[in-house]
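Only one structure is covered here, and it is reproduced in the block below.
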Amino acid sequence: MSLKIKSFESVVKKYKTIFFDAYGVLKNHKGLIPGINQTFQFLAENNIDYFILTNDASRSPSELADYYQKAGLHEVTEFKLISSGMLAREYLRLKVKSGTIAYLGTDKSAHYIEALGLKTISIQKLDLSKIDDITAVVFLDDEGFDWNHDINKVLNLLRRRTIPAIVCNTDKSYPVSKEEVAIAIGGISKMVEEIVDKKFIRFGKPDAQMFVYAYEHALNNGQLVDKGDILMVGDTLATDILGGNKFGLDTALVLTGNTLPDRASFYIQATGIIPNYVCESAVIQ
Amino acid sequence: MSLKIKSFESVVKKYKTIFFDAYGVLKNHKGLIPGINQTFQFLAENNIDYFILTNDASRSPSELADYYQKAGLHEVTEFKLISSGMLAREYLRLKVKSGTIAYLGTDKSAHYIEALGLKTISIQKLDLSKIDDITAVVFLDDEGFDWNHDINKVLNLLRRRTIPAIVCNTDKSYPVSKEEVAIAIGGISKMVEEIVDKKFIRFGKPDAQMFVYAYEHALNNGQLVDKGDILMVGDTLATDILGGNKFGLDTALVLTGNTLPDRASFYIQATGIIPNYVCESAVIQ
Amino acid sequence: MSLKIKSFESVVKKYKTIFFDAYGVLKNHKGLIPGINQTFQFLAENNIDYFILTNDASRSPSELADYYQKAGLHEVTEFKLISSGMLAREYLRLKVKSGTIAYLGTDKSAHYIEALGLKTISIQKLDLSKIDDITAVVFLDDEGFDWNHDINKVLNLLRRRTIPAIVCNTDKSYPVSKEEVAIAIGGISKMVEEIVDKKFIRFGKPDAQMFVYAYEHALNNGQLVDKGDILMVGDTLATDILGGNKFGLDTALVLTGNTLPDRASFYIQATGIIPNYVCESAVIQ
Amino acid sequence: MSLKIKSFESVVKKYKTIFFDAYGVLKNHKGLIPGINQTFQFLAENNIDYFILTNDASRSPSELADYYQKAGLHEVTEFKLISSGMLAREYLRLKVKSGTIAYLGTDKSAHYIEALGLKTISIQKLDLSKIDDITAVVFLDDEGFDWNHDINKVLNLLRRRTIPAIVCNTDKSYPVSKEEVAIAIGGISKMVEEIVDKKFIRFGKPDAQMFVYAYEHALNNGQLVDKGDILMVGDTLATDILGGNKFGLDTALVLTGNTLPDRASFYIQATGIIPNYVCESAVIQ
């Protein structure tokens, strides 16, 4: 299979709304991908709407927006950002109405949950002999916990209490530099899930719920947009492209992140996850 | 954990809309569950809306509605029925716009797809030397195919062509009598998926998309309904309850199907999938 | 990683005993691989012992030997052949001492089991209302059963009776021509195993037991052979090479079967399954 | 299914050799199981041989033997102990002949590997820019590493180098008190394996290799013992009993460890892993 590479401009023009993945598409470990601001200018000039769908739940939407604005993308406001953390938070709002929520992560991330009016306690401070009040466990998407100690504690909590366990990010690892990755909460929570042998509730692409949430945002934005008018742009076949395809969107794979240019054709064939388009990057020159 | 059993009437009264699973809740291998018509009467009298969410994609919504009407539930119209087949069909409408769709199943089920205006061919009639025009494979949710011959054919088709494979029902088996089950398309397609080692696109509970579709139906029905006002009623923890919970709905487990009364408490603890309520049945006397 | 290809002759000379995989190494869908007889001549001349380890359990060792002898490899006797079926048979001999064994497959394959003195019945003839005497189920490695009917029957038998289920071949598919494969008993039994959610007992590479059996054969052959003196030759990384490595043998990958020459380097890197040598074929010219 | 409980004495008398699991059978978090010394007296008096098969690779056989001797079981010598660590060590001896072995764990455990004459380096001290000499990674079965830091390092090492990764214990967790467990190297290595998506080499029950090793020990002990004369005694269906059954041994489940008395019958039915006998404990009074 030889791969036809399309110019991103020619592709994007056919749609009314663009869903972007963040990491590997708009930014990488060094910061914004050079020239990506021109893409947002093009979208504005051509009256094309957009949203950013990210499995990054380590920061609130307003903090995520801050990042883009400081980097010079002033149009990226809180409203434009859909994170798996928002889904986890929505779950807690709807399903956990009393008791205390134990969390694995930093106090800063937990603040986001506390805003719901629920009591929270970090796993670190939890006394395993006083757990009757705990009504849910949340695996937050950042560090700030003691691996050796806190992960065992969450394991034992879940062996004793039949309560929901919520995971804010499905990614198993994340890039920390051009060459290195680190284990992410998606990987850790999967290990705990297998050991306790219970079903955790995980939020993030490729799950449909992420796309639904973004789609509802797009509709609320006033435009009556059909699924056929939306393009999902991502760098990862198994999350962005698979999820976008299943939700009924057209999809474009860009080669600036997880999928290396010389491997793209092979991976598409091997996985059977087929984007509508392949573009070098999401940059419009 | 001792299980508190609630009367279905007392539970149902708290909600504006009920989502029912079909098999094991409203009907079983013998037909409608005795007394279930009273439940629908109660819903009508109390102005409670409802939808039926089923992984049964072997028949079109209108045929499914026929079944309920002939059995005496005249209020169950096509509009009330949400099947995984509808999602598969929606996927095909949005994502497959040319070529021929190969299908595993009966001509009757395929008719449902043909209504989209797409060319179709049964795997049985497919000539493996002429497959350049095939743009998707659909695993339909019924029999009517030659196991020994057609499954090998679909396997070889998917080894040669990089095209999407769509599965209309995630269930791995289905009950054929009180004691016996049969392998369903969810099981067969999983076997083929593992052998070709590609990612298939599967529709059905517990996937969020099923619940989204039903939720949109509920909204279109005119009532402004919040997720907190919807109750999902099912007999299976891993599909109905897990899916309902994750989507943010309250959930009620009934003991007339897959989950036996003396096992319910154990399975809830073992799986960590926790319904808001447990009721003996969905029958209101 | 660039792949160093070694001549098979230079590799083989370093070892006292060679373990060969059959399909893809010694033969393919057309028959013996051209020139392979010279390899056996070389082994004889250099006093190198050998055994053939195959996941093919559809025929008895004596029938397997017949195949090689008719094809002109007169030195391949029954004693030289180790099949996963022999392990399954050994299991039955040791562990099932009474009752009737139900089997999925042809009467001919079953004959092999009957030689143990156990009563057998084909799933086809089994009456599901008379199953109290059934003490084991065997998934034989051949066809001769009705997919649609018999597989459902074995599924329901295993739901009712807590008895061991033995699988004679782990392979999920097998080649039927240069381009086409067919689903094998390893795939079918895996599907049934997942649906009944019990643990089956599976025999075949890469499982250590296969290699142990061959190793014991080699020892019984009179030669005092150390594991370090044995080379495993195979065409499949995930069975032959992984199993050989784990058992402590040196391993050689040949490129005449499952692993295509232009993919070998990539697959070794991707899987982390590393043969000591890569050779074009097992033919010595 | 009602469970027939047999006296351990009546069972044990039928065999020439007993294979014991250690944790949950001979000892628990408090030390030796009270009365177990009488069992060893009985074995000696009746000329029944025995071996202890343990997935505990955190100590060398001689250190493990020390434990039993200090606790008063003077007959348990190094020769009687078969650990998964011995298999891992055997693998390294046979398959890794040059370079440096990187390990996750304490220097004390590594000493065990160094005795092979191989160079070793702890992951902690490894410089990721100097890894050309690393020829294998070993996940040792103890702690002594920095979770947060060293696990990421091993992950990045395995992304860059195509080298074998060996795991010394398959257990995913281990008990630290009556109520609490901790994550074990089997769980951590599984997480890393899934993230790098390569095949690791894992040693421990239920894998056949563990039983082979013990069986060879039994043979070397001078007695000509048939598999039918060996009884495997364990507290865990999925490792001890499954592994013993598959290897062709008779098996006895004891209820002093992982399998609770009131759950035994249910788990046997649910898993289809069937011991020949169920005994309250391995104690002979």
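Labels for the chains are A, B, C and D, by order of writing; each one numbers its residues from 1.
Rule of thumb we're sticking to: a contact is a pair of C-beta atoms (placed from the backbone, for glycine too) under 8 Å apart; a residue touches a chain by one contact, two chains touch by 3 or more.
Worth saying up front: this structure is predicted, and the values here are computed from it rather than measured.
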{"item": "Co-neighbours of subunit D and subunit A - touch as defined", "value": "none"}
{"item": "Most distant chain from subunit A by Cα centroid", "value": "C"}
{"item": "Where subunit B and subunit D are represented by their mean Cα positions, the distance between them in whole Å", "value": "44"}
{"item": "Centre-to-centre distance between subunit B and subunit A (centres being mean Cα positions), rounded to whole Å", "value": "28"}
{"item": "Inter-centroid spacing, subunit C versus subunit B (mean Cα positions, whole Å)", "value": "40"}
{"item": "Shared-contact residues (touching 2 or more other chains) in subunit D", "value": "none"}
{"item": "Pairwise chain contacts under the document criterion", "value": "A-B, A-D, B-C, C-D"}
{"item": "List of subunit B residues in touch with subunit A within their complex", "value": "1, 90-91, 93-95, 158, 162-165, 196-201, 207-209, 212, 227-228, 238, 242, 245-250, 268-274"}
{"item": "Interfacial residue positions of subunit B with respect to subunit C in the complex", "value": "128, 143, 146-148, 151-152, 155-156, 159-160, 172-173, 179-183, 187-188, 190-192, 194-195"}
